[in-house]
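In the part that follows, the structures are each spelled out as structure tokens.
Look at the two complexes coming up: chain A is in both, with chain B in one and chain C in the other.
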Partner chain A sequence: MKARTEVLLFAGFIAVFAAAPAVAPLVQLDISIVSEVLVTAIAVMSVNLLLGYTGLPAFGNAAYFGLGAYGAALSVKYLGVHFIEAVLIGMVSAFLGGLILAPFLLRRRGIYFGLLSIAFGQVFYFIAYRATDVTGGEDGMNIVRPYLGLPAAHVTLNEQSFYYLALVVFVVALFAFRGVVRSPFGRTLIAIRQNEARVRFLGLNTDRFIFVALLISATMAGVSGALFALLINFAYPLELDWHQSGYFVLSMILGGAGTVWGSLVGAFIYVIGKDIISTITPLWQIFLGALFVACVLGFPRGILGTISLLGRRRGTPSGTDVSAALESQAPTGASRGV
Partner chain B sequence: MFEHVAPQLFNGLVLGAFYAIVGIGLSLIMNLTGTINMAHGSFMTLAGYLAFTMVSRGTSFWFALIAAPIIAVIVGIVVERTLVRPLYAREPFYSLLMTFGLSLMAEEIYRLIWGPNGVPFSPPPGLEGAVSLGFMSFPTFRIFIVAVLVVTMAVLALVLTRTRFGLRLRAALQDTEMIAALGTNTQLLYAVNFGLGILLAGIAGVLAAGMLGLAPTSGNALLMPAFVTVIIGGMGSLFGSIAGGLLIGITISMTTLWFPAASEVSMYILMALVLMVRPRGLFGEEGIFG
Partner chain C sequence: MASETILLDASHVSKSFGGLRAVDDVSMQVREGTIHALIGPNGAGKTTFFNAVSGYALPESGRVTFKGEDVTRTVNWKRIAMGMGRTFQTPSVFPDLTVDENVRLGVRAHAKQAFLLRTPQGAAAQAVDARVDELLGFVKLTAQRDRPVSELAHGSQRLVEIAMSLSTDPVLVLLDEPMAGLAEAETDRIMGVIRDLRTRLGLTVLFVEHNMRVVLSLAESITVLDRGKMLAEGTPAEIAGNEAVRSAYLGTEVLEHV
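Entry: the complex of A and B
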């Protein structure tokens, strides 16, 4: 994507989302749903870094998301920390979770990595599910949203101020993500996706790169989870379940794997779609399942990827069909595009 | 002590036999086509519900035990030909995502047809009650389950090693292109192989319904242990799946005895230990599947 297009896109994004609290009620949309879009988008980005860029099927990111959520919720409930501290604690919990799992996950690549991510992620689910005394088990745990903390120690966040906070965190995460994937480090991740053996022949320790990517991804998912718990003032075990990971992966594919903005598009469709359809019909799960099937069979490049493919003459496509990228080893759009 | 341990050990073995047979089905499908079948549990549940409907309409349990898995296989092959087949050329993770979507849909559909709560499905007359083994008594139906599962696995092993189909299947695992060049219809092989995996899931589904109960999510509850079975036993190894399944079954039943809260987590810890020593699983072969 050209620099000017991206600046315009970003300006448009800020304009739309800054005005959202005023616009959303007009279309009967609760502003907390838009907050949920932004928070979810951060988790989708964390999946995108591993799957879209590095080519690792990240089917376990719900574990880090849930660790962030429980880290924040437990510290609010038992330690009485402030909002900002709770988010930081959630972030660190997820980071530590990544640190514990990484040695096991790094042992395998390809779909095996995905299966291991799912399986090890379930450990945290069952811990939250079984430790009823501490976490409330299946029923989850309610928390009261704490004061913001330093530097504004005694400010409670209402839904609108939470939204702006989420917007700020999202923009920071977006720029951090964009910085990472455009850095030499990020280029190396893309190279690993395209041909890991070749990267290793160049003398790079690919395990180390994947290790760092995993930790960045876990930390991002943790921030997202912590914010999510503080948004709904609730933490529940299904946040850690592999189904949740699947929803993140779906959102990523929907938006466009290997694109910076795809995560936001995917999260937007997923969260808003869930909100709208689940209020119309109780059969939300059938639609969601059908969305998975249609997405995989119909448009694997995602929405942004498909759009840029249609406009291919004007530039390089930005979306990545991960399988095509993995199989052909040819440089794809993601290596040059957004 | 012993009078507590022995029944739990037996229960663990029964559970392990389920994990093994579901794991073998997953492994068959995974090895040949690289498809991660997240809907495997849904096919189990389907067979269970079909058997439930048949029995409640008056057919015998024995008929249902054969007919329900066969219907599940037909559904499975239709799904394979229409939805899974287009994904063979692509990364396995797409098939994981697609079948995950299928399982979400299936769960909701079962809920619509058979209701959100579990339905009662009791063992047939003749298999009720318990058998005295001298030092302990054990439910007859569970002994029957073990017998059926063992026979099924033995037949499968014979099919894979003694028939022309089994020969082709094992050859295809090594080199699909070569066996296609030698005149085998690989698409037919894929379909039959998928059906075989679903058949195992279907038989397990009907039996599990009688032992563990029947609810829209009951098959999916067995899916994760089955995946762990395949990972522990090693991809592409029939014997590995059996060993892995039994190992997990015993581990779970023993932790249930002494530390119930950790019963689910124990198998993942076992998996972590196995992977530390043998990254390819206990009996995994070099080269098959990454």
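Entry: the complex of A and C
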């Protein structure tokens, strides 16, 4: 993407989203739904880093999302921490979760990585589900949104100020994400997706790159989960469930795997679509599924990936054909512990 | 330039796939500064042996030493740091990236810049630029540097891969069927580059090849495999005159119309 296009895009994004609290009521949209879009987009980015850029089927990122959510909710409920502390605790919980799971995951590739990710996610799901005394089990746990904490110790966030906070966190996450994927490190992740054997035969230990990518991804998902729990003042086991992981993957593919802005587009369609359609019919997943099928068959690079493909004059398009990304899982010696 | 120093020493290497013994107790040595060919009919175990030597897939038994060090169980990316480079039968490149970007990736990897969160500036960047220019000049692809590799002819893609394998400053280059699927003119072009690897860069080359014209004109030593076993070893003249090689190998040559 050209620098000028990107500046314009970013300016447009800020203009639209800064005005959202004023505009949303006009279209009968609750501002907290728009907050949910921004918060979800961070989790979608976390999946995008692993699946869209590195080519690893991150089918279990709800584990980190849920760890963030429960990390925040439990610390608010039992430790009485403030908002900012709760988000940081959620983030660190997810990071530690990633640190524990990464050694098991980082040598797996393709479907083995995907299945193992799901399995680990389900372990956390059942812990949250069973530990009724602490987490409220299936009923989930209510929390009261705490004071913001330093620097404004006694400010409680209403829906509008929460929204602006989420916008700031999202922008920070977006720039961090963009910085990572455009750095030499990010380029190496893309190279691993395209041809891991070649990267190893350039003398790079690809496992080490995947380890770092996993930790970044887990941390981002944790921030998202923590904000989500504080947004709805509630934490429940389904946040850790593999369905939740699936929604992140779906949103990423819809928006455009391997594109910086695709995660926001995908999260927007998923969250707003769910909100609108579920007021009409409880079968909203059918529509989501149909959209997904149309996307994979018609524009596998997702919305932004397709736009950039159509708009390119020369050079290489951004975005990843997800089906191709998943197919290119040739053995590399890595999966055999070589 | 050829010395008596053994650079690569594989002894009693074996590897099976299920019941098939793809490489059966093969021993061979590559002397420093030579061009050494590994030939044999399809299914002789050449690529499997190559994979064992380069660490792509480890052997079940046997021993591989490189520069006098035992590397039998060494992970593949560490062998690269020790000075091995390799190419694959199907050019293993990044098709969406340009020629320049492909080679640059290798140079950056070798300059330990692959992990950075910021692109290096100044002297570090200039050193990378200079090395990329040098490698592209070596394989004579400077004119095509800004084209995506997928747009290049097959032979040029091979050259991109050779340039990438050189980006890590190897002393031994392993080339897996560098001429497969190429027209005569392209074959000659790559033959020239392989000769340059030895004469201009002083590297040692071990290559797998089917094309006997290429093998006999390039190689100083030839090892022949057949059905996983070593059949013969010697100079081109010795191999061309070897009866066992003729019956096992040259028969299939005719079938393949090479």
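Going forward, the second predicted complex is superposed on the first by the 318 of 338 C-alpha atoms of A that agree within 3 Å, B and C clash if a C-alpha of one lies under 4 Å from a C-alpha of the other, contacts with A are read in each partner's own complex, and residues count from 1 in each chain.
By our rule, contacts are C-beta pairs under 8 Å (C-beta built on N, C-alpha and C of every residue); 3 or more make two chains touch, one makes a residue touch a chain.
These numbers come from a predicted model, not from an experiment.
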Return first, second, both or neither, reflecting whether A:80 touches chain B, chain C, both chains, or no partner chain. neither
On the A-aligned overlay, A:12 touches which partner chain: chain B = first, chain C = second, or both, or neither? neither
Going by the contact rule set out at the top, does A:25 touch chain B (first), chain C (second), both, or neither? neither
Does chain B (first) or chain C (second) touch A:59, or do both, or does neither? first
Kindly classify A:297 by the partners it touches after superposition: chain B alone (first), chain C alone (second), both, or neither? first
For chain A, which side has the bigger count of touched residues, chain B or chain C? B
Partner chain in contact with A:112 - chain B first, chain C second, else both or neither: first
Across the complex, what residues on chain A touch chain C? 179-180, 183-185, 187-188, 191, 194-195, 197-206, 208-209, 212, 315-316, 331-333, 336, 338
Chain B partner, complex, touching residues on chain A are 51, 57, 59, 104, 107-112, 114-116, 118-120, 122-123, 126-127, 129-131, 242-243, 246, 249-250, 253, 283, 285-286, 288-293, 295-297, 300, 321-324, 326-327
Within their complex, state which residues of chain C touch chain A. 54-58, 75-78, 80-81, 85-86, 88, 92-98, 105-106, 108-110, 113-120, 148, 164-165, 167-168
Quick check: in the complex, which residue numbers of chain B touch chain A? 34, 36, 83, 86-87, 89-94, 96-98, 100-109, 112, 224, 227-228, 231, 235, 261-262, 264-265, 268-269, 271-272, 275-276, 279, 289-290
